[in-house]
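The letters A, B, C and D name the chains in turn, as written, and every chain counts its residues from 1.
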Amino acid sequence: MKIKLFKQEIEGSSIRQIERSSGEVLKNCYQCGNCSGGCPVSYEMDLPPSQAIRFLQLGKVEEVKKANSMWLCVGCQQCFSRCPKSVSAANLFEALRQMSLRQGKDHREIRDLPVSFLEKAPQQAIVCGFRKLVS
Amino acid sequence: MKIPYYPGCTLNTVAKGFDVSARESARALGFEMEELGQWNCCGASFPLSPDNLMGLTAPAKVLASAARMGDAVTTLCSVCYNVLKRTNKALRDDGEKRSVVTGFIEEEYDGSTEVIHFLEVLRDRVGFDRVRESVKRPLGGIRAAAYYGCMLLRPAGEVGIDRHEGPTIMEDLLSVLGCEPVDFPNKIECCGAHLAMTRTDVVERLSGNVLESAVDCGAEVVVTSCPLCQYNLEKSQAKVAERRAGYRHVPVVYFTQLLGIALGQSDEMAGLGENRWDVRPLLEAKGV
Amino acid sequence: MDEKDVSRTAQDSKGGFEPRIMAFVCNWCTYAGADLAGTSRMEYKENVRIVKLPCTGRIDPLFIIKAFENGADGVLVSGCHPGDCHYTTGNYHARRRWIAFRSLMEFVGIDLRRLHFSWVSASEALKWVDLINNVTDEVRKLGPFAEYKGLKQGW
Amino acid sequence: MARIGVFICQCGNNIESTVDTKSVSEEMEKVPGVVFSCNYKFMCSSPGQEMLKEAIKKHKLDGVVVSACSPHMHEKTFRKACESAGLNPYRCEIANIREQCSWVHHDKTKKTGTVKSNDLTRMTIERLKRNRPLKKINIPVNKRALVIGGGIAGIQAALDIAEGGREVILVEKEPSIGGNMARLSETFPTMDCSQCILTPKMVEAELHERIKIYTYSEVEGLDGYIGNFTVRIRKKAKYVDEELCTGCGECIEKCPFKASSEFELGLNKRKVIYTPFPQAVPNIPVIDAPNCTMIQKGKCGVCAKVCGPKAIDFEQTDEIVEEKVGAVVVATGYELMPNERFGEYGYGRIKDVINGLQFERLASSSGPTGGEIRRPSDGKVPESVVFIQCVGSRDEAKGVSYCSKICCMYTAKHTMLYKHKVHEGQAYVFYMDIRAGGKRYEEFTRRAIEDEGAMYLRGRVSRVYERGGKVVVQGADTLSASQVEIEADMVVLATAIVSRTGADTLAQRLGIGYDRYRFYNEYHPKLRPVETVNAGIYLAGACVGPMDIPESVSMGSAAASKVLALFSADEMAREPIVAGVDKTRCNACWDCLVACPYSAIEKEEVKNRQGETVRWNARVNEGVCQGCGVCVAACRSKVIDLAGYTDEQVYAAISAF
């Protein structure tokens, strides 16, 4: 990939919104990779947590939005609990999801869910899932 | 002793055994779990964006309701525990948030109610020694792997019933009950949680890793504290069996079920029939 | 010469042949390493006798020939590791000298398998122990160095 | 016939448990020359030592062998005891029957240990028989020090030595002391202004009654040895009489010609008669002869006309002075690697590509822009600056393989200085690793990133080129696995710290070692970091390798304390384990001279009464010889020998085996 860096993007409004919404400061991350090392789903992510954060640091929000990472993050907080700089990738992914959901784009349609699931699955899974994936 | 108790929606439906075995055990140990007079679903996820106050309202209502009954509220489900505890902290520490949220739910609440997990009640209020004395049917050295998952432990400093990297509270209880606790590397790893809705492949892999790791360490039964963990672990066994020749399903039970049995409850009361893989043959084999 | 024979007999009385090994070591590294083996109470073959010198660079090749003439079955030279010499480059001089010296040794009829070079630092007690044990075993296999003693002339 | 006493120690049970000391003692009585032999429980105890002393007196012993622990333990103890009983201490030798016998051979029957102890003791006796009494060598010490290089390291060393009460000669090749630190704006990690902390020290050195400064001077040669060096110093012609000049600056003001300023690294011009910077010490100008039309063509002379005290002297020539000193501190510092080597970065071709020291000058309030960050090409304030780290460092192919150690820190500092001066500016830093090991250093670099917003990109820059008034930087960010392009206004290269041009020549003059990068070698990198193999010559500062100011100052002080320790006695006592030449038999082949690692061997000329040279021979300088014995083994004529380890002694020990 080739990217051009601009101050306007690095300090752009999307970045500021993500920081506000997540309560995280992107510059604090020093890219040690611990989050990606411990994240149980990073193996499936287009951009593992640390790399997603890296693109945000560079001001490249779209790269991260394009990736599946935020929809895979389960909020287990393993990343945060082991981050030496107390950065929570979970919070950042939440912020990105919110950004996306607030634009009214659902990640999961209820009617796509199998009936068997709705019958058997614990309520909490359904409630939680809807909160995370649906606007 | 009476303790206000928040069951949460799942324990009222698919995880009945979890609920009943706990209430009965409490009774056997000489205290009462007093269900909140009025409660709603906690939302099953703590809002990770600090600017999302909406997500705090549901748990705040639960807490306000609990405050009317006592100075503490106990829960069983790890997720409820996590959500209530974090919400409580947010309301206690952040005056601004508190006034917005309480204003919205039109109830007074200052964050002073303590949120404690049932395990903590047993350890800190009842005492494991008391539990030991009350055991009627020691569990015959059954090798039990305590699975904590995420929500009981993280984020450290906000929740955390025990050391967040090496908890032993559940093992300590299990050994009091006559089990032989099995330590295993994946005991604090995630089961896949709500991805059950979207990505069963991921859930099967994560939960499968938990199961395999426990079995490799010699577990005969896996013990949980969360209906979602329970569901994911049970559901994923088929996949593990598929990829691993000679794999034998392990029963997955709530810790309260084993507690109930040890305290002398009937199998029905402990809800053993609700589990997908029956733990009874194993107990019988151990002479329980 | 009487005393010498006493000790020789004592060793032989154990049964088989026990080689006599003379070690030329530098004061700073190998001698200290051998001391450490002692303070650590390690155990090794008793066949070695040490001659301490300031530096391996002090070792005159003739010392070695002299040792063989005097009844040594094996000779060991050990000093600081290259680059660690207490005298900065003394061991380097020694090394250069040995290269020329090897052919001389062969010329005068010394089996080079009886001559060992090593580097043992002040902290390598274990290496010293292994070295002595290995050299002893190897020289024992070669048997007594009787041929050479015949050549002895007075100094 | 020798009268030797032998003392076998039991060391409680440490030796006795595997060595029959009584039998060893009896065995030794039979050795010719031994007149007394005994065994005792604790030889090093007071009664043990008393026993030794009495035996020396009673049996008129002329030599003592103690068979006990390692000589590294108690050789000194027993030699002292002998000395107090009137015996030459070097007539006492130790046989190591503990560390190298009783402790490593666990045969409880005592057979093995006893036999070996017999051998070891006998070998030691034979060595001792052939040992001569030796006397400690005393060398007089000339208590003045020479410091070469007037950077912060040299200034610190000079001040500490002078404060310790000794005289110092400080030689600096530039017209002013101060070194590279004088160029810096503010200094990490505390960000204090470099001039503010350096200038007082420079002035203190200038005014110190025990410091004599030679500026514009270089060391031409050094003779002698520790305590007794003679140094030849070339004072280059300044064309200004230092005695007469008042430092008024009138000449500088009026000189009509300019040349590029070395101090400003080409960012500015200076007059042909100049001081390198306003706070120069001494504040005496020099004339840059190659650029002075008077000196070159005999035309001008304006400075001479305006100089009130008539200090200008066009006839001045270089002068050689000699000084006698007892110790030398070398503190000649570093340079930056010439960036021209890196064509891809455009240094020298693109005006707005500069190096770290040039950036320091731009940021310095006394610099060419008065402290405003303006780019060299058009004076514009750069909206974004790209800093490139590790230029030439960690680059085996085109540069040096080592890490320059301070550039990570000064680059972080530069981004802060830039941000403080250009609030809206964006700093980018390309780095491979951030190496900030030091007290408060990591925190400092994090501050640059977290508080000051420097954008750090992990990767190297591949090329830099101009496009429409911008400097385009193309590199990589390996963290996001992307190729990165930045349109910047200025580029700052953190180029490798390298040794001074000519560092090797100076080392050869001083007889000290240097590595493949011409940085000077410490005697031991950990345990003797400010000493060199040439006793009496010490090191300080960045001439040893890249280092920052705190380290340079520590080394300066450490070197000074070594010098002061040396100067604390009038004479220096040395172990007499030194080589000696039988001069009449030496055939002057110089094999020993080549072999000696310390250059302790000199050529000695022997003349007859008519003053004609009759022959040459080798001579060992006892002040320099360290007693390694390399020369002894090198001498094919067998005419050089090492006291305490003579050939005769070694052969005797071998024969007793």
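Quick note on the criterion: a residue touches a chain if its C-beta (ideal position, glycine included) is under 8 Å from a C-beta of that chain, and two chains touch if they have at least 3 such contacts.
Everything quoted here is computed from the prediction, not taken from an experiment.
Per-chain Cα centroids separate subunit C from subunit D by 37 Å.
If you average the Cα atoms of subunit A and of subunit B, the two centres end up 26 Å apart. Mean C-alpha positions place subunit A and subunit C at a centre distance of 69 Å. The geometric centre of subunit A is 55 Å away from that of subunit D, both derived from CA atoms. Subunit B has no residue in contact with two or more other chains. The set of subunit A residues that touch two or more partner chains is empty. Judged by the touch criterion defined above, the protein chains link up one after another in an open path, with no loop closing it.
Chain pairs that touch, as defined above: A-B, A-D, C-D. Across the complex, subunit C meets subunit D through its residues 2-4, 6-7, 10-11, 20, 22, 31-32, 34-35, 37-39, 41-44, 46, 49-55, 57-61, 63, 66-67, 70-72, 86-90, 93-94, 97, 129, 155.
Touching subunit D in their complex are the following residues of subunit A: 1-5, 7, 10-11, 25, 27-28, 30-31, 50-51, 54-55, 57-58, 60. Considering their complex, residues 20-23, 40-41, 44, 71-72, 74-78, 80-81, 88, 90-91, 93-95, 98, 107-108, 113, 117, 120-129, 131-133 of subunit A touch subunit B. Subunit B makes touch with subunit A in their complex at residues 8-10, 13-15, 41, 43-45, 47-52, 55, 77, 79-80, 149-150, 153-156, 164, 189-190, 192-199, 202, 206, 227-228, 230-231. Against subunit A, in their complex, subunit D makes its touches with residues 383-384, 426, 428, 446, 449-450, 453, 455, 457-458, 477, 479-487.
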